[in-house]
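These notes concern the structure reproduced below.
Note that the chains are named A, B and C in the order they appear, and that numbering of residues resets to 1 at the start of each chain.
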Amino acid sequence: MSDLSQATAEALRLVAGGDPKLLDIVLLSLRVSLTAVVFACAVGLPLGATVAVSRFPGRRTVVVVLNALMGLPPVVVGLAVYLLLSRAGPLGAMGLLFTPTAMVIAQAILITPIIAALSRQVVEDAWVEYREQLRSLGERRFGAVLTMLWDLRFSLVTIVLAGFGRAAAEVGAVMIVGGNIDGVTRVMTTAIALETSKGDLPLALGLGIVLLTIVLALNAAADIVKDTAQRRYG
Amino acid sequence: MTSAMRAPRSLLPLRLDDVVFAIGGRRVIDRVSLTLEAGRRTVIVGPNGAGKSVLLRLCHGLLQPTSGTIAWNALELPGEPRRQAMVFQRPVLLRRSALANIVYALAVARVPTEHREARAREALRKVGLDALAAHPARVLSGGEQQRVALARAWALNPEVLFLDEPTANLDPGATHEIERVIGAMHAAGTKIVMVTHNLGQARRLGDEILFLHQGRLLERASADRFFKRPASLEAAQFLEGELPW
Amino acid sequence: MVVTRRLFLAASLCVVLGAHAQDRFITVASTTSTEQSGLFGYLLPIYERQTGVKVRVVALGTGQALDVARRGDADVVFVHARAAEEKFLAEGHGVKRYPVMYNDFVLIGPISDPAKVGGGKDIVVALKKVEAAKAAFVSRGDRSGTHMAELDLWKASGIDIDKAKGAWYRDTGQGMGPALNTAASMGAYILSDRGTWLAFKNRGDLAILVEGDKRLFNQYGVILVNPDKHPKVKKELGQQLIDWLISPTGQKAIADYKIDGEQLFYPNAGDPAA
């Protein structure tokens, strides 16, 4: 317990101290994970919704695979992306290894299946209600996908938050493709891993508390926005 | 080519030839043949499970027959604006304002953008909901939502309007409103094909009655004749309330 | 409407990811123990101020650091495992090895000292006592420079550790810090570099028991990754760093780095035997 109170004291000291390095790390974490979420949504939401409203041979397999990919181990994704981006690898010429861009790529790959699988479920559940009416109006598949995504936007907010949470929490992928370089690719989770391995547990826990608080604040903000809008639109 | 230049052939008459619709071996629609003409308001009645809703969906194209043919007088090509509309028992509205719901339907129908809002407002006015145009559709009352659904259909100016028990969930006041709108749409030239289990409504709105029982079209007659002198035993029992299914 | 939102997001993305290295920088693959000693945090800002070149250190285990360099993903490699470095050069991945500095390892153990090695000056004698007492011993087991040094010392003690290891020998596969954490929590002996130990905060009842034996000295070498084999290597900037490290300025900076008043690294670029 004294570890925990020490950690809380550390967390408060870090935040109150306004350490610029800490601020950089926090901002980078947010930049990387939010950017990854944006890409993951751009791919995952239409993908999930399309699978939800379509019938095609092999559909069940696609659904099962999407669900399974939600459990992709971050470290495996990190390794695969590392091999892709390494100078010795196929995309080495782009010079992306050990940069925040590589981290965004890895996290986007990691959370796209989550966004796709969960949005597929949400859209499919609602499709039962909407299907006949949209068909009656003459809506084709592409239009139906967009309409469903927008109409279900409140439920999808929760899914996006889940994706962001997963991205912000992982360390395996960003450690490998980012290299935890001080001032360049060090994010909250890799900083916590570093301080833990240095034996500075109160600091590591303190950083953990800072990270949790930020994610909590983001979730709370999203919840308020969603709740107000939902109450208005029904 | 605008629709004005095309002067399309009318969709009607609609011919059903020996249509069968089976699920898991069971015939929900059992060899129904009929022709729907323009003009008269057609009301479909029958006991529960007779296949009324399925028949409606077959006509509208939401279901494909297992065998037999369903042929309109003119083809609706995929990707073209629809010339039929359907109103369901439960209105399905989007999480947008009432006006936006109608504008959306007009957008799907490829109505030019500059005309959409005006047409939508006009449709809401015709059903008496212009004051609620900006209101989120999903928080309206059941009767108001159904009126929005009708306004949406009306804005599309369909040749045929299918209605599947549109007032089953509404109180008498709202029911009266809906019936008024349906009457107005008919007066404006839309063919009405409606399923109802409310015999009073069938009497009020029907010009001709189709009586369905266990997937078969047992009787077809003008409303007057059907209610006074039903030709089949089942129809007589049904009108007496002695034929639950 | 959905489309314009997407475009806006894509645009803001470009801005966010924008800062694509307009500044000059090189990538150095080094070891976790070196980074955790705090040396880079002290040294590199000095270098950057003097030259305007940013140095990005990817800190891994020695084996992994050399592997990263073998793929050409680093420009310079800076580790402390002579045999592995020579092999790296023999494979053609490096240009030339320059000795830079050395630090030393220390034998850490519980104050209760069940194997009675405390105060000794001979590491080989100490290890023999640890093995004889079957006292708990934590090994890094991760192919790092420290791990390889540990294995060499067992060999020097005449102990075939693969045969002799039993429940007392804990092969953890971890970096120096986590391994020290493990040793602290189980009161075990462990071989550590002095730098990590000095920076380590979670000591429990561990202390330095054996130090000073010449065989515990840990030599660091720096190598430029071979641009002939890996054309993307930044050879001028990489060589510039190496030249600075072995220059009097760099060597003095290394010697000036202290934790709690104690010097960690001893510059020896001029030593022909290093």
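Just so it is clear, contacts are C-beta pairs under 8 Å (C-beta built on N, C-alpha and C of every residue); 3 or more make two chains touch, one makes a residue touch a chain.
Keep in mind it's a predicted model, so treat the numbers as computed, not measured.
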{"item": "Chain of greatest Cα-centre distance to chain C", "value": "B"}
{"item": "Chain pair bearing the highest count of C-beta contacts", "value": "A-C"}
{"item": "Centroid spacing, where centroids are CA-atom means, of chain A and chain C in whole angstrom", "value": "33"}
{"item": "Geometric centre distance via CA averages, chain C-chain B, whole Å", "value": "78"}
{"item": "For chain A paired with chain B, centre-to-centre distance based on mean C-alpha positions, whole Å", "value": "46"}
{"item": "Shared interface positions of chain A, touching two or more other chains", "value": "150"}
{"item": "Complex contacts: residues of chain A adjacent to chain B", "value": "129-130, 132-140, 143, 147, 150-151, 153-154, 232-234"}
{"item": "Touching residues on chain C, where the partner in the complex is chain A", "value": "2, 6, 9, 13, 16-17, 20-21, 27, 32, 35-36, 40-41, 56-60, 70-73, 174-178, 180-181, 184, 196, 199-203, 230, 232"}
{"item": "Partner chain C, residues of chain A touching it in the complex", "value": "31, 35, 38-39, 42, 86-89, 92-93, 95, 97-101, 104, 146, 149-150, 179-182, 184, 194, 196-201"}
{"item": "Chain B to chain A touching residues, read off their complex", "value": "57, 60, 62, 78-82, 85-86, 88, 92, 94-96, 104-105, 108-109, 136-139, 156"}
